[in-house]
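Below you will find the structure I want to go over with you.
In order of appearance the chains are A, B, C and D, and numbering begins at 1 in each one.
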Amino acid sequence: MFNKLKEHCGVFGIYEHPEAANLTYLGLYALQHRGQEGAGIVSSDGHKLRVVKGTGLVADVFTEENLHSLKGSTAIGHIRYSTTGESTLNNVQPMVVDYADGTIAISHNGNLVNTQVIRDSLEDQGVTFLTSLDTEIIVNLLARSGCEDFLEALVYALNFIKGAYSIVIMNRNELIGVRDPYGFRPLCLGKLDGAYILASETCALDLLEADFVRDIEPGELVVINKNGLTSYKPFPSKKESFCVFEYIYFSRPDSDINGLNVTLTRRKLGHMLVKENPVEADLVIPVPDSGIGAALGYSEASGIPFAEGLIRNHYVGRTFIEPKQSIRHFGVKIKLNAVKSLLEGKRIIVIDDSIVRGTTSRKIIKMLRRAKAKEIHLRISSPPTKYPCFYGIDTPTRQELIAATHQIDEISRYLTTDSLAYLSVEGMLEAIKPMENRVCAACFTGKYPIKFPTSKYRQLDLFDR
Amino acid sequence: MFNKLKEHCGVFGIYEHPEAANLTYLGLYALQHRGQEGAGIVSSDGHKLRVVKGTGLVADVFTEENLHSLKGSTAIGHIRYSTTGESTLNNVQPMVVDYADGTIAISHNGNLVNTQVIRDSLEDQGVTFLTSLDTEIIVNLLARSGCEDFLEALVYALNFIKGAYSIVIMNRNELIGVRDPYGFRPLCLGKLDGAYILASETCALDLLEADFVRDIEPGELVVINKNGLTSYKPFPSKKESFCVFEYIYFSRPDSDINGLNVTLTRRKLGHMLVKENPVEADLVIPVPDSGIGAALGYSEASGIPFAEGLIRNHYVGRTFIEPKQSIRHFGVKIKLNAVKSLLEGKRIIVIDDSIVRGTTSRKIIKMLRRAKAKEIHLRISSPPTKYPCFYGIDTPTRQELIAATHQIDEISRYLTTDSLAYLSVEGMLEAIKPMENRVCAACFTGKYPIKFPTSKYRQLDLFDR
Amino acid sequence: MFNKLKEHCGVFGIYEHPEAANLTYLGLYALQHRGQEGAGIVSSDGHKLRVVKGTGLVADVFTEENLHSLKGSTAIGHIRYSTTGESTLNNVQPMVVDYADGTIAISHNGNLVNTQVIRDSLEDQGVTFLTSLDTEIIVNLLARSGCEDFLEALVYALNFIKGAYSIVIMNRNELIGVRDPYGFRPLCLGKLDGAYILASETCALDLLEADFVRDIEPGELVVINKNGLTSYKPFPSKKESFCVFEYIYFSRPDSDINGLNVTLTRRKLGHMLVKENPVEADLVIPVPDSGIGAALGYSEASGIPFAEGLIRNHYVGRTFIEPKQSIRHFGVKIKLNAVKSLLEGKRIIVIDDSIVRGTTSRKIIKMLRRAKAKEIHLRISSPPTKYPCFYGIDTPTRQELIAATHQIDEISRYLTTDSLAYLSVEGMLEAIKPMENRVCAACFTGKYPIKFPTSKYRQLDLFDR
Amino acid sequence: MFNKLKEHCGVFGIYEHPEAANLTYLGLYALQHRGQEGAGIVSSDGHKLRVVKGTGLVADVFTEENLHSLKGSTAIGHIRYSTTGESTLNNVQPMVVDYADGTIAISHNGNLVNTQVIRDSLEDQGVTFLTSLDTEIIVNLLARSGCEDFLEALVYALNFIKGAYSIVIMNRNELIGVRDPYGFRPLCLGKLDGAYILASETCALDLLEADFVRDIEPGELVVINKNGLTSYKPFPSKKESFCVFEYIYFSRPDSDINGLNVTLTRRKLGHMLVKENPVEADLVIPVPDSGIGAALGYSEASGIPFAEGLIRNHYVGRTFIEPKQSIRHFGVKIKLNAVKSLLEGKRIIVIDDSIVRGTTSRKIIKMLRRAKAKEIHLRISSPPTKYPCFYGIDTPTRQELIAATHQIDEISRYLTTDSLAYLSVEGMLEAIKPMENRVCAACFTGKYPIKFPTSKYRQLDLFDR
């Protein structure tokens, strides 16, 4: 019954702080851009785990009253993004599990690629599943490890799974963080008032005025307990493959990941765009908000003035209902408006972070044409997105990726731009130096760091999605 | 983490009817008195199971829109009563489970007594638990049976468990109903437009204008599929032990169970009360609503007029909040009011179905005193409740049961009644003829039909609760 | 734009009690049967009025938090019943009004008959209306009185209006109660801890354990302030015309009104029914809940046993949605179920309080037929309802009143009863002695105590409704 | 009881379009930045007005279902901003009023200055008030005009009131728009598919892809009916006094008002800032979002690079609850985060639109210091805000305006900036050319275009607020 969901999320954990649940709430709040479908917090007072979960935004799920019920000085949290309509409460994390050695709570960010194989195998051994979460597979492996030691059991379980995972786990007395050996998804370590914190991005530390300690390394497992923090490297080493799209689009501009600040990196992507694809124009216009960093970089390197030619409506939310009986379709107009007074008669360079299906870009170009821009040159701060992601970014199937099936000039015609250029893979890698050899760029290159399992299920997934 | 909840619920299922989900909704609605904590429906269109669940009343959980989403011609439903505050959505049934042979949904009414032993054993074998439901144990046993045939697997699983269960199960193509070999909880079979129905009580059939076919027998398992209905008796036979409290209090007055109508049975309990404990008085007053049947019987047998001396506020609901800062405590006054004009100066016989802790009865007597009743004789239409129930009725621990620790005259003094009498066990059994040898009366006699497992867990439970 | 709504409500007020808002909340709760559409409370701390209002049940509108915000020791409340779909929050009372001499809050129960004339006249003088409430007319009259004294202004305003009104008014320092000179609607005075209370029915006093002092008299106006209670009789005397339907159906059985207890009065209506229309039968069956009192009386006088042959589902609420796509219509079955085991083969007398359109009664008779009752004799504890009410009871237009257009034998055939009899007007008056000359029975006799204004509006209303 | 609320809102109206309510919904959506407290739409089908209102965001108030109920081809809408906690549903507009000549609906943006005088006078004449809205005063004046003609009555009413108003009115057959003679608040005219539209800002027209026709002129009244649009100038001419703060802060950057585009105007404010207050630095940083336009202008004119050094959390909403029991205060950190990687060691110029109390600015400066900016120069794109606004912008009392009571160097010390400079009044007027003689800049200069009424009420207000 359960369809696999892509896990594309944010995680947070804090150990031994008197305000554990409140700080987790704020941490999730800072990570809200990583998912708006659901949120949950589990706290421990050393005896009992308590949980509050719900669908929707962090600010909707938690109330003073339910936060107050989350007693204890250790807590973990999760916010989730869901790609399908099946975002029932059942699938909201953290997952809380009873098993032979007690109770644990677990928050997972990333997407495993061999879950169907393991799930089939576990089901063949009599395991039942109540959710469609990767997490449920991990906890079942853990519970069946036969290891008496929790850490051994966890490593046993993680050795089975393949794919992207940044996981935060809590039992009654410990907080544990793990990043997969490829390091696909971010996870960083902070400290506040002596208490350790784990978070998907540094922007969560900043909100708490916590100190950034360091990134958790690929393949690293840290155990935080009354003895402090102990680091393990229990997995065979792999080529680091941090998701380059976290820099291009997904992470918040103010976060630092692997020593690189996100907005500064986007600015460099803009510099490279100028270098590779200069064009004469009057204005550089970002598609807000993700195109802003690269547009500033483009303006800086080209000397062409930056202007906010597209204004975003900040009140666009999940609840907006486009009237069904309408004779019009509003689409992206609901979110963006072109400033005619600024654009009329101008040659403009529009900067966006990527093109997926091309439908939204086409509407934006149309809107800019209505605002009477004289020339429209679209520049994309990443290479053509030709391959689906299997590690946690929500991309459609290959067939739907316009760059997978069309040449650039065809795309340009479809979008009705005067010119269109993408950044090259080399240009992108240059911009993210010194991370250039440490990223996964499979969505651009098709070079997937992890081979797919031979199961028919994944094969089907790969070609049919 | 998860504390065992008492399952005390209502179940419903219908096979191959074009309005399966709607009829299940109405069936649950008719069974609402069996639980007000949560409700759920799972439907199948032969390919996919769909689920809607929520906490609260049936009328709150379901909407036109979500009922409409429950496609398919087979459906099962569940309403739940929870004894603890942990009535999270996680614990709302039906439970939907993926396992090696597909997906099933299951609704369970009753309470198992050996779950902790099995749960411990399963956890030792690496099983994880996401809920505190007995149902999760059953499905894990089922999934680990090693049997290829679904029915065999189900029987394998049920052979492990001990206690009370009336279960409705659905897979993509079948509807299955089972009652435990003791027959603790009711389950009946009906038919509407050729479609079979399973329901906890006949009042659900009545609402649908479905025909009552028969009760499912203790230890019977019925499989309803495209071949019609097939009945199995796969368990060793046990002494039938239908919960006598279903007649006394729990079932709806209009339901027929095991050939006995509930309100007529309560009337006979009233007759027996007169026989055993006659008293001269002016009026017979029921404590509404559960005391009405026996009060009518008492009036009938004694010739003393019946009067509605306590008026119930029908708008008392779960959301009523007694103002905290109040200097008063309202308690049962919120629900009931004594009619002074009717009671003043009168000698009254008050009929209630049972006394648990005695606190509510004491308040009612006080209220009747304020209404100036001259004499108050309390008659209880069941024997003293001295033992906790382990099969699905929510009773407190022995220590809290006033009749377990006090003599009747002590209770009478505490309640401030002029006289107090309970029905004898013999009188009760006489009233329920010809079911007198087919019931469990353990809450009155301490003679539990099922021996407790030797696990320390249940032992503790037994003595400490 | 605004259509006139029938006001059919409950009112409450309390002066100088430290828990004024909480007690008002509980008082409204006890009066909930008088209206389920909306509720509101206004409190005063001597300086500022504060208000909380909402649509729905008392338990839904008020929370600990918003009750806590209602500071002050004087408060009034209102619950409303609405006959139309226009039950917007705009029309929830108490109404709070600013005018030249300060701010007042007002709760009104009853229905005026000359509002359109006054409204037209006021509009001609430039008055604007933001609601469709009679109350807004009263406050406009009050504000335009030209009287400096508040009481004089109020009496001035009330002298203009005709119809039924029991009003509770609060300004910063006073609580005022008024009943129209005919005394159509009830209003009683109570006392708790020295604080005066005004309430529609005594059941509200009972819940608070307040003492009943007396009924407010027809045409009486009481002012409660720091000088205690002062009574005025400012209106020309009229023939008392208390709504007889309050006894028959509308009031709560435990209330005492004009010295008569409601359930005892209903019992006498049952006695008279036997006297006027005896019939041989096996059982007397009430239509719950309003038929219970008369059925008990019928049983008592006839010696035929009373039985609960129709069981009511107590969870029927406003939110129940009958599935639209259903091939069935459930109607009254949702609320009531016939107990076949009790009724099969029996000659039964069914007691109901009244028949309006006849459609519900017909369904009940059909349900009893399905339960195989051998004979069904319907007895109505009031005379045929032939005329609409203009004073606050929600009755349909004459055309829709089945007794206005059909003979009793025709109605009996339509309902498919073996016999049908109503109580005579004389019988009814006999049962309510000594109130027989003090009631309005216009819905049965057409003798309206108040002549209609000559305005075309009311004429139209009278004949077309 | 009712305290005066500042009206600071958005209005919209459309005449004779088949999708009137849907388009009004979208129009309000585009105007959401003008108020987030409540929204309402009234539609007319030529016979009946229908209304939907609620508190909260446009997307929360309206549903497919309630939009569908708003039948008819003419509609007006309103979104409101409230300065006080008294934002009850009572005060949500449009207001719908019944009066002698029918029913009208009215939406008002702006703030009247002589309402208390008129209200007192009206109350003395017997008028009652159910809300605290200026609108209720206007409709009462209108209803009491004695004029038979609607337009005459409206002009009669408007001649009484003083202050800022942009009003949209609808009766069954007409749509009317008016701007006060000073033209304080914006109101523009558009056309879509032949249907006229009135809206507070052009961004609403843009979303609908409607054509901008022209601004409604100060003192102009337009009547739109089946004869098309007729323009009137019924008021004595006044010196145009458009609120300069609409350019500086309040309007959406993409709107054009009086021929000036908002973001381009802000850019010019930035140019003037450089001219008046140049400073050497490494980066220009806006306080998002209102500081962006001026910061881009500052960067452009100074050649100092623009950078997004403060990142805004887009999920900050009304429901965010800062945990009360927290030992920390988060305040502006919830909304903004400083990008340390970008700011560390840099000399930065921070651009904000205004300083009100100074508390938020101080926190932002502190945050930038924590991010290790070397020098922080704050530049404000408007003059010091020294005087409260009485025409519809929510400013606190003089005492709370930091610039009213402190010298610039004192403010700079309080904010802990290395330097602080405001734009001069002259610089501001230069930037808004050719509107320099057509604006109200009273909040900077104290030169209020409208003299205050002599009533004690306004005087008190003026000095005590």
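Assume a contact is a pair of C-beta atoms (placed from the backbone, for glycine too) under 8 Å apart; a residue touches a chain by one contact, two chains touch by 3 or more.
Just so it is clear, the structure is predicted and the values come from calculations on it, not from any experiment.
S.K.: Between chain A and chain C, how many steps is the shortest route if every step has to go to a touching chain?
M.R.: 2
S.K.: What is the chain whose Cα centroid lies farthest from the Cα centroid of chain B?
M.R.: D
S.K.: Suppose each chain is reduced to the average of its Cα coordinates; what separation in Å results between chain A and chain D?
M.R.: Once rounded, the distance between the two centres reads 37 Å.
S.K.: If you average the CA atoms of chain C and of chain D, how many Å lie between those two points?
M.R.: Comparing mean C-alpha positions, chain D is 47 Å from chain C.
S.K.: Let me have the rounded angstrom distance from the C-alpha centre of chain B over to the C-alpha centre of chain D, please.
M.R.: Inter-chain centre distance comes to 60 Å.
S.K.: Spell out, as numbers or ranges, the residues of chain A touching 2 or more other chains.
M.R.: none
S.K.: Graph shape for the chains shown, where an edge means the two chains touch. Line, ring, star, complete, or other?
M.R.: Chain contacts: single closed ring, each chain with exactly two partners.
S.K.: All pairs of touching chains, please: list them by chain label.
M.R.: A-B, A-D, B-C, C-D
S.K.: Considering only the defined contacts, which chain A positions touch chain B in the complex?
M.R.: Chain A reaches chain B through residues 1-2, 48-49, 51, 88-90, 95-100, 103, 120, 123-131, 136, 139-140, 142-146.
S.K.: Please name which positions on chain C make contact with chain B in the complex.
M.R.: Residue list for chain C touching chain B: 18-19, 22, 25-26, 29-30, 32-33, 36, 57-60, 62-64, 67-68, 203, 206-209, 252-254, 256, 261, 263-264, 289, 292-293, 296, 299-300, 305-308, 311, 313-315, 317, 319-321, 323-328, 330, 333-334, 337-342, 370.
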